[in-house]
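Order as written gives the chain letters A, B and C; numbering starts at 1 within each chain.
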Amino acid sequence: MNLVFSLDWLPILGRGMLVTLELTTIAISIGFVIGILLAIGEVYGNRPIRVLSIAYTTLFRGTPLLVQIFIFYFGFPSIGIMISSFLAGVLALSLNSAAYQAEYFRGSIQAVKKDEVIAARALGMSKLQGILYVVIPQTLRMVIPSWSNQLISLLKFSSLVYMIRVEELMYRGKIIASLTFRSFEVFIIVAMMYLGVVIFFSNILRMVEKKVRIPGLGYKSAQ
Amino acid sequence: MDKLIIIVNGIPLLLEGLIVTLELGAAFIALGLALGLAIAFAQVYGNRFITIFCAGFVQVFLGIPAMVLLFLFYFGLGEFGFNISAFAASVIAMGLRSAAYQSQVFRGAIQSIRSGQITAVKALGMNLFQRIRYVVLPQALRYSFAPWSNEYAAQIKDTSLCYAIGVTEIMREGRYIVVQTFGNAMLIYIIIAFIYLGITYFGIWLLRYWEIKLRVPGFGIN
Amino acid sequence: MTIKDIILKVEDIHKTYNGLKVLRGISFELKRRETKVIIGPSGTGKSTLLRCINQLTLPDRGRVWLDRIEVTDAKTNINKVRSSIGFVFQNFNLITHLTALDNVRLGLMKVKGMKKQKATEVAMEELGRVGLADKAENYPAELSGGQQQRVSIARALAMNPKLILFDEPTSALDPELIGEVLEVMIELAKSGMTMLIVTHEIGFARAVADEIIFMEHGVIVEQGPPNQLFTAPKHKRTKEFLHKITQLYGEEEAKN
């Protein structure tokens, strides 16, 4: 095996990683806001709001991210709405992530004991205050493990937008590979870069989870 | 009217693509299931060396994006003269990846079986193989239904990634139609989206039905 | 009884759950500084009645007044009313992610808008009153059932309520933990807190109640001072119930 590897690749790939992280950060943040609203809508909303929230999560979770990316990148221009490739990528990733985050938030909201909300109401809190001071703080803590998985999954799936020419890590890897004919070496390095970032984030998030852990709050293990 | 003609003309192509998509999905899931179960049992019952090796395998395949794995197995291996088809490369890369995911599901399920039951059948004189076959496996598989159906859905959707290395699955056929008919991208991709939606939820529904049929009283499924 | 004014008036409360008539016309009054105890068989509607009083459950018919404010009036600010009625639940219902101190401060800060420092003072005082000042920083999961229930009493007390409703406050507790909660409640009764208590602890009821209400099938069967009700009940059903319950809880009664 002749592992030919050039240091010249690294700055190019490094910049790609920055774009990957940028995409991931934007998408997870937009997805967070939409996701939590969808979850609240699904649990507390009236019938039309509930139906809309469920329809949203069903559609986005039931179809491949790649199809969603293509709808934004090829579909919208075909009906006269022009979207840049970066925007198409960000939109697809954000809206997709929102659907998954909504599911996780909904699960955690429903894991908050109803009796505690009733106790808050008995103290004179409004429904909104009950949600704000009892449900949301517990939800945010309980959701951390599944939310972490979603963040990492999003980071990895952001590689799909190379297909619509967003110049993130995967795109740059592919360009270098096609110029140097060194697919194996290039993609091993790309793989290691993703792997490193994934392991780094997993550990950070696990630390956060430990730090905000509260005795008695939602670790129903499979046992 | 034009739109209707495009759809009607497109149906055979999309169906061909759908068949390839389903073949891919079935292959990923089958390979992942067999290997995933093996890894799960190895991780629970294996010695230190085996456990560490399995953990490493899982970490690598969970940590690297599917797209990168596809490129490594298709273009990367090609560099060493392994000229396998895009389909075969897809099955290997995505099947191994699915094994890593499925092993997590099964490992959790195996570990959730109460150890008292194992002790009880040990006391009856069952050997390891019998304990796995008659006590662990029937329960572990029941526990696995819900997380496993997520895995099924993920694998079906992830077949679309094989488009990137040139497998003519449904996305690729869709792309042909879009290119040939100059435009209509929105229409075609929405049709494809609904086809995926259909197979994803049909499978989930089927699994749910099966899970309910196999339900045993006192079992932690709801 | 020195002050005779009525603080709570409940009039003709009805409640039906999917065809099941749970409350069928309940009326009674509670005077300031008075302690009333409601007893009755399971499923009789005692919890439902308490929850109708602060509108956690909406009655189908009937009215409730607290200090001349009609609670059941749609125009009444129900959250304000609730903040002046304490409620102690059978399962404590402490907020899982908050420490004992934060549980007690919660209503003070978020409902009464009290500053943090003042709220802390009040909360610590109430925790001291129930003997748990040293557990202020513990989370509910780190407290015993008896301690959790005392925190929940402190949470109710901190709001400086006009009265406190107790729904079987000791029913979820291990026998050896019941005493510590009852002690706190006896102290409250002595200090002149107005209380309406649902309980099966007959000995305790006898000791603290100014009046006992016996409820069955959604109606008040009989009410009167504990001595009269326990020694010479007028109704056959009351006698039967008391007989059954003293058999069940006889030992506890002997302890008190």
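FYI, a contact is a pair of C-beta atoms (placed from the backbone, for glycine too) under 8 Å apart; a residue touches a chain by one contact, two chains touch by 3 or more.
A quick note: this is a predicted structure, and the numbers were derived from the prediction, not measured.
Q: Chain contact graph: line, ring, star, complete or other?
A: Shape = line; chains linked end to end, path left open.
Q: Closest chain to the overall C-alpha centroid, by per-chain C-alpha centroid: which is it?
A: Chain nearest the overall C-alpha centroid, as shown: A.
Q: Would you identify the chain whose Cα-based centre sits farthest away from the centre of chain C?
A: B
Q: Just curious, how far off is chain C from chain A if you go by their C-alpha centres, in Å?
A: 47
Q: Could you work out how far the Cα centre of chain A sits from that of chain B, in whole Å?
A: The separation of the two C-alpha centroids amounts to 20 Å.
Q: Calculate how many whole Å lie between the centre of chain B and the centre of chain C, each centre taken as the average of the chain's C-alpha atoms.
A: Measuring from centre to centre gives 55 Å for this pair.
Q: At which residue positions does chain C touch at least two other chains?
A: none
Q: Once bound in the complex, which stretches of chain A touch chain B?
A: Touching chain B from chain A are residues 1, 58-59, 61-68, 70-71, 74-79, 156-157, 159-160, 162-163, 170, 173-174, 177, 181-184, 187-188, 190-191, 194-195, 198-199, 221-223.
Q: Which residues of chain B touch chain A in their complex?
A: For chain B paired with chain A, touching residues are 59-60, 62-69, 71-72, 75-80, 108-109, 111-112, 114, 143, 153, 157-161, 163-164, 171, 178, 183-187, 189-190, 192-194, 196-197, 200-201.
Q: Please output the residues of chain C touching chain A within their complex, sorted ascending.
A: It comes out as residues 54, 56, 79-85, 87, 89, 91, 93-97, 106-107, 110-111, 139-142, 152, 155, 159.
Q: Which positions of chain A touch chain C when the two form their complex?
A: My answer: residues 113, 115-116, 118-126, 129, 133-134, 137-138, 141, 214-217.
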